[in-house]
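What follows is subunit A paired twice: with subunit B in the first complex and subunit C in the second.
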Partner chain A sequence: MASFGLVSQVERDFVERGVDVGIRADGRARDDYRPPRVELGLVSQSDGSARCQLGDGTDVLVSVRCELGQADPAADDRGRLAVSVECSPSASQRFEGRGADDLNTELSEAVTRALTGPQSGLNLRQLCIVPGMHCWVLNIDAIVLNYGGNVVDALLIATRAALADTRVPRTVVQEMEDGAMDFEVDDDVENAQPLEHVHNVPLCVTANKIGAGYVLDATLTEELCASARLHVTVNSSGQVCAAQKSGDGAIEPSLLMAMLQAAKEQARRLLEQQDEQIRRHETEIAAKRARGEPVKRPSIFV
Partner chain B sequence: MSEQTFVTPAEVVTSDPSFMRGHGTYQEGKDIVSAVAGVVEQVNKLVTVRPLRTRYGGEIGDVVVGRITEVAQKRWKVDVNARQDGVLLLSSVNLPGGVQRRKSESDELQMRKFFTEGDMVVAEAQAFFQDGAMSLHTRSLKYGKLRNGTLVVVPPSLVLRSRSHFHTIANSVEVILGLNGYIWVCKRATKAPEEMDPDELYANVNEDISNQERETIARVCNCLQALSKRLIPIDYTVLAFAYEASLDRETKELLEPEVIEAVTTEAVARAAMVNE
Partner chain C sequence: MTTVTTAVGGVASFLLFFRAVCSLFIGATSFAMSRVELLNPEGLRVDGRRANELRKLSCKLSPLQHADGSAYIEQGNTKVLAVVYGPRETRHRAQVMHDRAYINVEYLVAPFSAGERKKRSKNDKRLLELALAVKQTFDSVVMTTLHPRSQIDIYLQVLQDDGGALQASINAATLALVDAGVPMVDYVCACTGGCVDSQALLDLNHIEESSAETPDLTVAILPRSGKVTLLQMTSRVHSDQFEQMLNLAMEGCRQVHAVLDSSVRDSMQQLADQMTHR
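And then the complex of A and B:
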């Protein structure tokens, strides 16, 4: 749409009053979430990947690649994550050229914060190969193929699934005669390890304040009418890991509590669904392997 | 060549050297090959492929729904889902106070009082400029500012041309099927435009919309989305049948793939029976 980002005064009024009475433009109630469609293991060149679609609009693809890197001197016994989100110009004309730069940075930051805080759940020590020298860097690359609102939630749904799909190649460390450490990467995918504690990675549920109320899983038009937005990240134990507000409107304390509560409940449902799907996916792969069908090699050998 | 042939990119359209390649095709050796997914069309010896997914082309007389993107000198720019924005000249709209009055300088200064950025408008294609941009007009009370509802976007090739593009469903909801793929679904106005005050025509205030009307609007929107998802050509008949077929489900159930499948299949079957 050439007019992406515009909304008329009467459309805004229609959305606000719809939220007031609890009937949104697509018939959902305020707390209703569009059922996310998630597919795992789509990208053969990566070590883990997933795609998440929300309704007709939002569509994101996330790929995880393990790359060898230098250990960070400040945290020498840990690996690193590098997140990059890109909005494709096919999603909207507005993203052509440098049009999406600000949004890309904002979204990359949002995903990074959810994954790298103390609450992230991932065991980064697992990614260390030789302390102080070599480690794995998980490159998390996301592309927004279509922008239909609620992209942050979709990004985290896809990222969490992609991380669960990820296998880190095994490394064998040897000490050389001169005392230096050397290592070899095992190219057999059978020996590659899943990420530890990946089930603790949180999901994000965004609540948009529209008029005096809020909605979950806003569409594009609803996002344009929102005065404030609250991203809530929740882990599988139902704990709120982080909450971040954006937009220039204010959120009253009572509304804030309601938003947090709704986000928590929705996150619980999403996490249950996703864990179930990840289990199914793993059984399928195990069955494939048992039948002796070809399994892909770790991406650094491709 | 058969009457209607669908081709996909890289598919050979014809190997007959007497044909000339047109839009959507390219030459590869002796073959004319399709560059897009679409329908093969032939005019004398010229072979073209009309793509299925494309921007709106438009013809004079089309009813289109658009969004104002820019207010410029004596004109508004309107997003009509085409390759470039359409133009609505200040001289092509009905202004309050007299149908045929001259546009004065004061009108030019207060253009934002009539349409401002973001406003939705229904108009008719009046002419085309040299560069292919569409010139619109709203010189009829049928056309003008849109209120009381919401926009649904479908691929423009799915909206069928018909005698009328203004329809009423369930006695309470009006649907304007813009040929450019923008469809406006709103509550039927309680007051006909002829009875409105001149200023009311450009007002930015919605009427009160009851919960039931809101539900119906949402249901119609979801039916349109469902039809568009299954790539079913949309006209009033099929939409009305889809609406009827959806009545025994909850509105939000229409977002689920199985329900979409069931409702649209039934609608298409019943529409086919009527057309026979």
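And then the complex of A and C:
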């Protein structure tokens, strides 16, 4: 992400001195996070979707689609996740043509790392249909529509919300006379099941080292001034699930611990807010269904 | 051997039909298509429209602040975001034209935009062809001679495709160019038309578009002069019906123009209000 645009020496100096005394260009303190605006269920043809905006800048749209696939021989009683992140040239002209390829790979891997493995908390066994043969593959496709810094955090916020919005079609497995397994996919959306343990899915909070201090939820300019960054992935029990340092600078151990602590604290708040929002969204939809009203999908921009 | 069968009994088939009617579940339409009649005896289409009715069209200018111009358009369930950068210096020397500006169009489709998930590479022939169609449409409309040796970039991002992605893209690109303040001769307004049982249809949705028996015509016109700048048709149709289809589609273009124009005027009014109040 380091090659994203240029920043002048004067601007860098301005940002660094601001961080030293705890002032940022947009009026936030070092630990302040732009309140994420999350909307669920925007994409009608997906099984789950969400969009996350941070401030006026960052804007990501995530869709989750269930697809039938072959079970992985190494883990034959589980389903799979496939993540793909695309930066649209609407976010920046640098993403034109093949310009976004490296960043796409980097972001896809960052989301994949948070969602696969024991730390993800998702019950992948739920996605198994016929052990060793068929399973559901959750295709998580994200589009970065606008790039205003801190995209990894926004991607995970949107992905977690989209997973909470996801309903997996019900399958009925029957054993045939010759011992083979046959299954039917129930097309009724009413019977589709939510994913289990979505509340265990972690969120990521990124701390950027600028000068001798650090900031959370950096804007694009701040990211350009950062010498190093630390991605901390935290789940709702407060456990650190993953930590990754990137950037070419080095971080002192004392600052590292402070960054980790601040990120952990922020992640707890974000998780609480999001769980509350998801609960509200679900009760709202259930109430509308009970009254027989149509559930309208929010529009993307209009 | 295992076989995958789809539940089609009772509730499920009704739901499949219902989904097809809402034209949301586009993946199953090849199966549903043969049963859904595109125009019922009462003269209503699968989504409840009349033959000469457009889908709900709503648009927004400058949804993205950092770009020189941007616009978002929703035509029924088809949603497109257009972003314009420029006119600015050309990035590649080979593209420099000494008497006019070079227009570069990139057409991108979200992997989740259609019924079946499909990841398209940026070199997909179909996408390149669509980008070329948009480029050729705007080459004659943008006053490129006013900006020699420069480049105008138009990026089109299809977020949802429920039929008529090309027409929505052209309409969105027009708005984004207006938003960017790029001088143009006129708006470019696009619309699709089709034909079922010798009855012309306006603004096809995905089910109608993918049906084998419906011809699918996309027209773009300059509303002031009425000139046609883009015309694409697939499938076959009797020449008598072609004229009927074309007239209806051009009438649709004029309706689209009214919506686009009012949204441009609204957005400029807002801008003017902001400037006078502050």
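Note that in this section the second predicted complex is superposed on the first by the 288 of 302 C-alpha atoms of A that agree within 3 Å, B and C clash if a C-alpha of one lies under 4 Å from a C-alpha of the other, contacts with A are read in each partner's own complex, and residues count from 1 in each chain.
As a working rule, contacts are C-beta pairs under 8 Å (C-beta built on N, C-alpha and C of every residue); 3 or more make two chains touch, one makes a residue touch a chain.
Keep in mind that what you see is a predicted model, and the values were worked out from it rather than measured.
*Asks:* Put subunit B and subunit C onto subunit A via the superposition and say whether they clash or fit.
*Replies:* Result for subunit B and subunit C: clash.
*Asks:* Regarding the shared-chain residue A:Arg279, is it in contact with subunit B (first), subunit C (second), both, or neither?
*Replies:* Neither partner.
*Asks:* After the superposition on A, what does A:Asp56 contact: first (subunit B), second (subunit C), both or neither?
*Replies:* After superposing on A, A:Asp56 lies in contact with both subunit B and subunit C.
*Asks:* Of subunit B and subunit C, which one touches more of subunit A's residues?
*Replies:* If we count touched residues of subunit A for both partners, the winner is C.
*Asks:* Scan A:Phe183 for contacts with subunit B and subunit C and give back first, second, both or neither.
*Replies:* The answer is second: A:Phe183 touches subunit C but not subunit B.
*Asks:* So, A:Met133: does it touch subunit B (first), subunit C (second), both, or neither?
*Replies:* The second partner, subunit C, only.
*Asks:* Is A:Ala25 touching the first partner subunit B, the second partner subunit C, both, or neither of them?
*Replies:* So A:Ala25 only meets subunit B here.
*Asks:* In the overlay, answer first, second, both or neither for which of subunit B and subunit C A:Leu6 touches.
*Replies:* In the superposition, A:Leu6 touches subunit B alone.
*Asks:* Of the partners subunit B and subunit C, which touch A:Lys288 in the superposed model: first, second, both, neither?
*Replies:* The answer is neither, since A:Lys288 touches no partner chain.
*Asks:* Looking at the overlay, which bit of subunit C runs into subunit B, 24-32, 114-122, 132-140 or 186-194?
*Replies:* The one stretch of subunit C in steric conflict with subunit B is 186-194.
*Asks:* Which residues form the common part of the subunit A surface touched by subunit B and by subunit C?
*Replies:* 56
*Asks:* Quick check: in the complex, which residue numbers of subunit A touch subunit B?
*Replies:* 1-3, 6-11, 13-15, 17-18, 21, 23-29, 32, 34-35, 55-56, 221
*Asks:* Sort out for me which residues of subunit C touch subunit A in the complex.
*Replies:* 1-7, 11-12, 15-16, 19, 24-26, 28, 58-60, 63-67, 70, 72, 74, 77, 79, 81, 83, 85, 106, 108, 110-115, 117, 119, 122, 153, 155, 157, 159-160
*Asks:* Of all residues in subunit A, which touch subunit C in the complex?
*Replies:* Spelled out, the residues of subunit A in touch with subunit C are 43-46, 49, 56-57, 59, 61, 63, 65, 67-68, 84, 86, 88-90, 92-93, 96-98, 130, 133-134, 139, 141, 143, 145-146, 172, 180-189, 299-302.
*Asks:* Along subunit B, where are the residues that touch subunit A in the complex?
*Replies:* Residues 67, 69, 79, 81, 85, 116-120, 146-151, 153, 204-206, 209, 211, 214-215, 217-219, 221-222, 225, 229, 250-252, 254-256 of subunit B touch subunit A in their complex.
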